[in-house]
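What follows are several structures.
What follows is a pair of complexes built around subunit A, which joins subunit B in one and subunit C in the other.
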Partner chain A sequence: MNRHAVFWRVALLIAPLSVFGVFVVWPLLDSFYYSFTDWNGFNPNYRFIGFENFARVVTDRLFTNAILNTVVWMVLALLLPTLGGLALALLLDSYAVRGANVFKSIFYLPICLSAVVVGQIWVWIYQPDWGLLNSFVEAVTGEPETFAWLAKPQSALYSVIVAWSWQQMGLSMVIFLAGLTAVPADLTEAASIEGANGWQKTWHVVLPMLRPATVVVVALSVINSLKGFDILYIMTAGGPFHSSDTLAMFMYNESFKKYKMGYGSAISVILFLLTLAIIFLYFRQLRKLDEIHG
Partner chain B sequence: MRETMPFKAAALAGAFALTGGFGWGGSALAEGEVTISHYFSGELGRAGLEKIFAKFQDAKGITVKDSPIGHEDFKAGILVRAAGGNLPDVFSYWAGARTQFVVDAGNLGAIDEMWGARGLDSVVAKSLADGATMYNGSRYLVPFGYHYAGMFYNTKVMADAGVTEFPTDWDGFMALCADLKAKGVTPIALGSKDRWPAQFWFDYLLLRTAGPDYRAKLMAGEAAYTDDEVKAAMALWKELVDAGYFTANANADGWTDASDKVARGDAAMTLMGTWITGYWNGNGLMAGDDYDFFEFPAIADGVPNAVVGPVDGLLISANAPNRANAEELLAFLVSDEESQGIWAQAQGALSPNVGVDESIYTSVMTRALAAVGNADTFAFNYDLATTPPMAEHGLSMFARFMDDPSGYEGFLADTEDGAKEVFGK
Partner chain C sequence: MVDRNGSRTNAATGAQAIPGAGAGAAAAGGGGGVGVGRPFNPWPAVVFVCLSVLALLFLAPTLGVILSSLKSTREIAFGALWTIPGSLYLENFREVLAHPSVKTYFVNTFLVTVPATAGSIGLGILAGYVFSKLPFRGSELLFLVVVSGMFFPPQIILIPLFRMFSGLGLLDTLWPMIIVHVAMGVPICTLLMRNFFATVPNALREAAIVEGANEWQVLTRVALPISLPALAVLATLQFTWIWNDFLWPLIFTQSDEKRTIMLGIVSLKGQYSVAWGIQGALSLVASLPTLVVFLFFQRYFIAGMTMGAIKG
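After this line comes the complex of A and B, so read on.
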């Protein structure tokens, strides 16, 4: 490689690497740094307190609560859009559904909306006095219904997950539909000739053939669920009284509402390490699958 | 090779533009400017401020670079700017513990000299000057407007229910609520989705039972949330909730939802600050005809009469690049009586300027002004009276209480745990 080519490679890489460095690496290192301090965000005279912030999470019941909520969030935000998207794809791919393309577009549309818009739409749907959900329940049961879905600790997190899944399902559906086009018709026909019923064909022929699509859907769902902060912020902001605090939301509230920037940084470091572990495990699994399937 | 030089320069310049050339804060501004960030982002507030800033520019020849941020986002936004050493010349803030927090962090510039030189002692009401502007022995804050929290009600709903006299004591208040409920009207609307609207109930119940001195101790971490005084105030609140006097699902509504319920007649009254008058006026309601207020009733005998509310202040950051212009702006905003009038009408605020003609106020605001004037003490509302980290614990406790009033003793114990951590007790 001549010097000319080297220069251009370096020159063209400087811009993206600098942006990445300034907006990703630098803040990340800053978080590590502040996680060992008692900084409140305003006062420049903070102290280094070693691992005190990290030791504190062990006894902080709100941290434990946020961890549990994060687990619930990640599991459901993975399962619901994946299973829902798969069900829709299988249904819409069958020839029995007339106007399938129209339905495909309708189910895909929510993914085109920002999480803020989706959050606001669902805030209205869940509104206890005149929201769509309670109005529907009233119409079906004939009884007045005023349950406050987002204001009750037992339902707030799950209500947000439903809104999240509603949006994400369209993406999973499209990927599964693409995967279904790769399922050879002669395989399903052969299964039919062998006497397999619809369920057996789906379970033994179609689903195994959808493995590559499933890998993509799961990867996207995991990554998207880890990013799921905006919709929570709009719909509940972690409330009522921490019942929908995920780690990211908890970190935000501790840092910016309680002015515990050092502690918030420690939580963000923990969140970062957890995310790293999940991604590492995922890629290791992916490599294993690649090795098995060539 | 010669040809490549301009391209090299362009590529490097591009890289610089992407990384270093974003115009980071802290760069020197042109002369004749002052930057301000504030939380008056509502339609009426912004329109009022635009008029006022235009007046200031005409009078002083200084351009105001204005960046409004929504109320709740402002709290985090200003922290981010402080952390980055990138505060504007001037920013709005709430007088009390929040300002104390910023003063203690060394982020503010004192304004004693400017205050004296501009003669603001004779402009600002003494009670406000004493209680809201001094921190650690120096003056930091110029009050721009202040509010009073009272029981705002729908006049038609009250008239239809046959209410002609409004209660001045607790028994009378309970009787009014019972009467309204018996006539099919939900007495009280509360929208505590953002938590803070519930604080006025705690504030008044504690002030009217334990008194301002005890409350000041609690706010400073010198009394406990598990004290009998606090429990007694919460027990009164519980009585109201248990009796069904509050609208259902308070935690699902924001303060404007609760205000709308009163305006529509779905509820009779709401305990709220005078900014509700700005909101209602903006929606076409008429002060006196459509809405009015009465003072929170007395409860225990011999307790000084305290009123509750926030003071919106303006602060100058410690390293303001345009300090002289910033001082000019602050002095103008509080001294110019016409601007104060515009602000009072746009925001439903009371003016800290003693020279302001009372004719700028509606009949309701004139009575609110009198209520403040007749009070023994003006107390900041809860989240401005105690430190911001403590306020987070307390505000969550109020919302939790509204969800399950029966558990209040446990919630108070949890809040006291938070207080021990915050105050290092």
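After this line comes the complex of A and C, so read on.
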């Protein structure tokens, strides 16, 4: 029986683990290896240059710029979809709203669109001459408006974040809605009997119960913000003047536009370590929640 | 079934207090009741109006694309983008569907998406079964390592994979995309399958073993037949993600003949730089398969997103 169990474990695990090992884990280790070289992507001869790539990266102004943009992206991509999703979930949950399922589908629809299509849609919205946004501004102010949202360094990054939030909000909403089903009905009823009004119930009873859902949404937002690439590539490609470069974008440009693969590998290693740190914090937070909620 | 599945998986990802993902759907409709016999309560109406306005705002971008795809470039240039078209103008769609490259992109995307979806789910079934029904010392840790794979940005393995496939002479073929999507799909598929198999009673497996079945027979004849909802969840998720992918074809393909649809519509953009209507039609046609999946399998899609919400 026992020998059989060993046989079956090996037989069943060998395919998934080797595919995962060869095409995910091994390349990851390989990234560390290349980060110590000056490989340019073509030349089979490359040198080991120790920590030179890392030393250069931390003094690279484009790198610090990318870090700052990633932080801005992280914070805003955390706030906008999370608060928006929470508001939508609370609204949908507050009364027996007619057509709740239709509303949910509408808010959720963007998540099944590709980043390419979402990016394209928002490029049209920000189009300076007849885009939806400027047409709307014109209608409100009565003056012609031709601000080029995506071509100005002061607005490019924020404009992309709004587009990203539009797509992500439905996801936060669904997770919060799932969390709301965990709020026992007798708890809110008891609060009503005690004379609490709608706001008090939401603030003192419902929101504290949503803590686990919030941890999940927050962790997702932070982790996903490190992946922000496709939509940026479509809308601004990191420009103008690197004003919307994130770490992922910066890594791509250095490696596949400038063919500095060794340097790019150093950036990936940093990206990996950053993600690892965030995952570690996330798991620790989850364990804390476990201890509180049992 | 999916509801129960949802709560199981959430428990494993750590969101213990979040019950069934699908259950959210049921709850949203029947939230806090309105007292019987009280005076008229205006709030439901207010909330309904609020939601309607928000829904309209939310739909505006998508509506814009649909409207522009039904208009000529001339009409759009004259500022008539946001009006309802008087007559049906289908030239844009005709042009897009007649474009020889679009057909190639579609075929390529199917050739990547279908095998990669099936492959990643297949591997997830195998690993998920062992992790839930045949645990061993260190299997928890191994599981955690595999699952954490879905948290990391793909950028961290871009360069080594590029070098690997270039060394194998596979650049500019569909193989790298299929292989990488299968490998990158292993974490989420393993996670969902393990959590689903965990809901399959052990007694069922033991009964089958006593009757002389081996693990493979238990997996294929006992566990899998009752796991169809989990398979549906994974199929919708993986299909959508792989279909929508942009990064891997960007890295691995060079010629137009090997492009998938999302990279394809970006490269066609240059050809139709001012033809917004055609671009709109392109976007819609490219999104059609995932929209169809979403419309028909929305329940599974949402359940899966909440369960494995880590990816995205």
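Following the convention adopted for this analysis, the second predicted complex is superposed on the first by the 287 of 294 C-alpha atoms of A that agree within 3 Å, B and C clash if a C-alpha of one lies under 4 Å from a C-alpha of the other, contacts with A are read in each partner's own complex, and residues count from 1 in each chain.
What we mean here is this: a residue touches a chain if its C-beta (ideal position, glycine included) is under 8 Å from a C-beta of that chain, and two chains touch if they have at least 3 such contacts.
Treat the numbers as computed from the prediction; the structure is a model and nothing was measured.
Peer 1: Taking the superposition as given, does A:283 touch the first partner, subunit B, the second, subunit C, both, or neither?
Peer 2: second
Peer 1: Identify the partner contact of A:54: answer first if only subunit B is touched, second if only subunit C is, both if each is, neither if none is.
Peer 2: After superposition on chain A, A:54 lies in contact with neither partner.
Peer 1: With the two structures laid over each other on chain A, which partner does A:261 touch: subunit B (first), subunit C (second), both, or neither?
Peer 2: both
Peer 1: Who does A:213 touch here: subunit B (first), subunit C (second), both, or neither?
Peer 2: The second partner, subunit C, only.
Peer 1: Comparing subunit B against subunit C, which has contacts with more of the residues in subunit A?
Peer 2: C
Peer 1: Kindly classify A:269 by the partners it touches after superposition: subunit B alone (first), subunit C alone (second), both, or neither?
Peer 2: After superposing on A, A:269 lies in contact with subunit C but is clear of subunit B.
Peer 1: Quick check on the superposed pair: does A:180 touch subunit B, subunit C, both, or neither? Answer first, second, both or neither.
Peer 2: After superposing on A, A:180 lies in contact with subunit C but is clear of subunit B.
Peer 1: Please write out, lowest number first, the residues of subunit A touched by both subunit B and subunit C across the two complexes.
Peer 2: Dual-contact residues (subunit A): 4, 8, 12, 15, 19, 22, 41, 252, 256, 261.
Peer 1: Can you tell me which positions in subunit C touch subunit A when the two form their complex?
Peer 2: 6, 10, 13-21, 23-34, 43-44, 47-48, 50-51, 54-55, 58-62, 64-65, 68, 76-77, 79, 81-82, 123-124, 126-127, 129-130, 134, 136, 142, 146, 148-149, 151-164, 179-180, 182-184, 186-187, 190, 214-216, 219, 240, 243-247, 250-251, 262, 265-266, 269, 276, 279-280, 283, 286-287, 290-291, 293-294, 298, 301-302, 305-306, 309-310, 312
Peer 1: Across the complex, what residues on subunit A touch subunit B?
Peer 2: Touch list, subunit A to subunit B: 4, 7-8, 11-12, 14-15, 18-19, 22, 40-45, 127-129, 146, 148, 150-153, 239-242, 252-253, 256-261.
Peer 1: Can you list the residues on subunit A that touch subunit C in the complex?
Peer 2: 4-5, 8-9, 12-13, 15-17, 19-20, 22-24, 26-28, 30-31, 34, 41, 88-89, 91-98, 100-101, 103-117, 120-122, 124-125, 130, 132, 135, 166, 168, 171, 174-175, 177-182, 188, 198, 209, 211-213, 215-216, 220, 223-224, 226-227, 229-230, 233-234, 247-248, 251-252, 255-256, 261, 264-265, 268-269, 271-272, 275, 279, 283, 286, 289-290, 293
Peer 1: Which residues of subunit B touch subunit A once you look at their complex with the stated criterion?
Peer 2: Residue positions touching the partner: 1, 4, 8, 11-12, 14-15, 18-19, 75-76, 79-80, 82-83, 101-102, 104-107, 193, 195, 248-249, 251-252, 388-389, 392, 396, 399-400, 403.
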